[in-house]
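Worksheet: one structure, shown below.
Chain IDs A, B and C follow the sequence of writing; residue 1 opens each chain.
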Amino acid sequence: MLYSVRFWGGLRGVINAMLVVYMLAPLAVILIISFSSAMFLTFPPPGFSLQYYEKMFSNPTWTRAILTSVKIMVPTAIIATVLGTAAALALSRMQSRWALVIRGILMAPLIIPVIITAAAIFGVFRIWGLYGSLPGLIIAHVILTLPFVMSTVSANLMVFDNRLEDAAANCGAPPFTAFRRITLPLIAPSVLSGMLFAMVISFDELVVSLFLSTPTVRPVTVQMWSNIKGDTDPTIAAIATVLFLFSLLALLIDGLARHKSGRAPGL
Amino acid sequence: MTDPILKLENVRKSYGAVDAARDINLDVAEGEFLTFLGPSGSGKTTTLMMVAGFTQPTDGKIALEGKPLDPIPVWKRDIGMVFQHYALFPHMSVAQNVAFPLEMRAVAKADRRKRVDEAMDMVGLAGFGARLPKELSGGQQQRVALARAMVFKPRLLLMDEPLGALDKKLREHMQLEIMHLHKNMGTTVLYVTHDQEEALVMSDRIAVFQNGRIEQIGSPLALYEAPETKFVADFIGETNFIAGRVETANNSTARVRGMGGQLAGALDNGTAAVLAIRPERLHLHSANTGGHDNILTGTVKELIYLGQSRKAIITLEDGTEVVALEHAAQAEITALEPGHSATLSFRSKDARILADV
Amino acid sequence: MLLRNRAFWLVLPAVLLIGICFLYPVTWLLQRSVSEPVWGFQNYQTIFGRSIYLGVLWNTISIAGTTTTLCALFGFPVAYSMVHSKPLLRRVLIFVVLIPFWTSILVRSFAWLVILQGGGIINDLLIGIGLIVEPLELVYNRFGVLLGMVQVLLPFMIFPLYSVMARIDESYFKAAMNLGANPIRAFLRVYLPLCLPGLLTGAMLVFIISLGYFITPALLGGRGDIMIAQLIFDRIDEFGDWPLASALAIVLLVGTGLLFVTVNVLLKLRGRGV
């Protein structure tokens, strides 16, 4: 049996199928249930209805929460992308030991457990008056997403041929022109990746938001959290679907960008 | 000689305690094809990068057409450059690559197109403008790089091992093409290579670099026939060295181990020296025949058939191995057998006596 | 020199932001474990002296350990299958792993709740076909926590394994069999050792991330499944007990750091062929 190609092929099929079910079934269930006509979460749904989506958009608690999340996400993505890209560019040009130290400092939020980051930022931001405010949440989210943008762009810069900038200078391009015409277009796909994932991470973030938010400034994930912990409002299925589709969209856009630029799909 | 277009005076570049280049003195004449030849790490690329402006010299002066280059940034130097592996912009079409230097110089659009077409025509790539660099072969990319470097009619063209990535046949073809372009355009060229054959074929003059210094500058003929140092004699072509001490030195000639040669530089009697003689200047005889000033005897170790010529490796009585090269026609006459004794002779005017360092 | 200066200005905003709004708060948090209520190690004595806290530490380690083992057991065949699939199927499989990876953990935990809870899909189904009478307890216990965590952390095991396996030359395996090893021996003696760096990296990632896990155990676990991160949250959120929370944070950080260093040293030693 050990030598049978059929046996091994079959086993691999079973493993692949298990993977697909385990990874996707929960998401599929949420997706289906969100269109249910039942008044509570039941499967399979007795009929099709958009009632949960209607509730989501008519209930001010949810609309306000979604709006708050967007108000945090957009500035977070912009700031993290600009600062992270600038840092990656700077580090790729530094050769001293300082570059390693700085890279380590900037990557720290990715390495230190989020619960510690969250507790620490909460404690200090409360003293600084940033607790429960949009700027406070934006700063915290930038800290969590910046290392991500930086490492994505850095990975791209590692394979970027520095002599292209030299060649541009030799052709008569001043430094900023060389950057705008040569470097930026060539690293644009990774900058886009970084920004998309900064958006997804910010929109999905719960732990830090849980510490920093108040009933007046409450992102959608925190609202979901308190709903799930209390008595479950089926509207959550619709919200969860929106969150999931947002991630899926980002992943697809990134996949297309990578495909066009010939990079492998990655984390 | 008229005023040099490019002048380097006592140029030095140091990284910490290490000198990557030092004592670089060089005059480049208008329209000249000058090659920097040397092993890797010999300072040839460092020197080129200082002319281009990517590296700042630690000491010394570099002047283009009499004006010091030091305060001028790279992008204002108007020096064309062909990079190793070409450094074409991968996201731009071939035509956009070639147009880039003109765009930077704010050349009007219509004029730009005309000059791009001319440049593409010049390198034999008319009609390839819409392609991306990665859609071209190595040799074609090389030509695009050349067109991009020449399209704005630079006062000086730098080439950093431009043919290093090509296979031998294509390399030889491109060498000729670059030479023809140089002749037609009359641009002054500084060319870096580690390939001595390439340097001999292409250059008006060659500067041989070693340990950050220029060992010798001269025409290919001068470097091959009259090397001034042991390194140059060894690096360019193949040479036999017979070690000994300088004897009976006068102004231009001396002897080593009783054999005469031309003296390179002032060497006193008793100085450690080598007598350098090219394999094709050593004449072989199966029996002792005279005719030449200097005679060597030894045993045939190995005969290597090379088609148009034959190489004979002879072990001299003191154990030194020398190589002699004969044309096929001559090889037929001197019938040699491995293990048999052989006699070699050469003229004193064909041998060089060089300091043994 | 000019370039170096420009690089400095480019990186400065990011460094300032991380320094002031992250490094400073973290040090501020961590120093409170030894400075409050009075200077000393009393908070650590509390953690290591009381059975409730020791219980949470043990939970954390055992949940992280079990999660890692399960990820390795499932991740290994999955990675192998990916490497040996045709390009199209491989892309699909990678995408299947990536989709949940980029989906909110909250969304996924909620999905598991809907599926597993008393009136959830699985119990409805099993009761409906008459297999069981009483609903099974599938969630708010260790089973639920592990099911949720393995799903979230599996990619961290699969991708390091995948990248190592993709570089293994199949001819080694064939050579071993040609030299007389049966497939199982060839696998154990040749293939597995070659995969070890990927397995070790994946296991380290999964274990370290599990140690600090918060959302999944908090939503899918029961009272007996409280992990260190949840304890830190509760200490601050409910009791404002900063010193103890800070000491717990240090314990988590030191544990994570030690593990990271150990595994990296192991990988380096292996790399040198020791």
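Basically, a residue touches a chain if its C-beta (ideal position, glycine included) is under 8 Å from a C-beta of that chain, and two chains touch if they have at least 3 such contacts.
Because the structure is a prediction, the values reported are computed rather than measured.
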Pairwise touch network: line, ring, star, complete, or other: line
Central chain (distance from its CA mean to the mean of all protein CA atoms): A
Busiest interface, counted in C-beta pairs: A-C
Distance between chain centroids, defined by C-alpha means - chain B, chain C (Å): 60
Inter-centroid spacing, chain B versus chain A (mean Cα positions, whole Å): 56
CA centroid of chain A to CA centroid of chain C, Å: 18
Overlap residues in chain B, where contacts from two or more other chains coincide: none
For chain A, residues that touch 2 or more chains besides their own: 175
Footprint of chain B on chain A - complex, ascending: 161, 163-164, 166-175, 177-178, 181-182, 185-186
Touching residues on chain C, where the partner in the complex is chain A: 3-4, 6-11, 13-15, 17-19, 21-26, 28-30, 74, 77-78, 81, 84-85, 89, 91, 93-115, 119-121, 124, 151, 154-155, 159, 182-184, 211-212, 214-215, 219, 229, 232-233, 236-237, 242, 245-246, 249, 252-253, 256
Residue numbers on chain A that touch chain C, as the complex places them: 2-3, 11-12, 15-16, 18-20, 22-27, 29-30, 33, 41-43, 83-84, 86-87, 89-91, 93-94, 102, 105-106, 108-109, 112-117, 119-125, 139-140, 142-143, 146, 150, 175, 197, 200, 203-204, 206-207, 210-211, 221, 224-225, 228-229, 232, 236-237, 240, 243-244, 247-248, 250-251, 255, 265, 267
Residue ranges of chain B touching chain A (in the complex, touch as defined): 52-54, 73-81, 83-85, 87-91, 100-101, 104-105, 148-149, 152
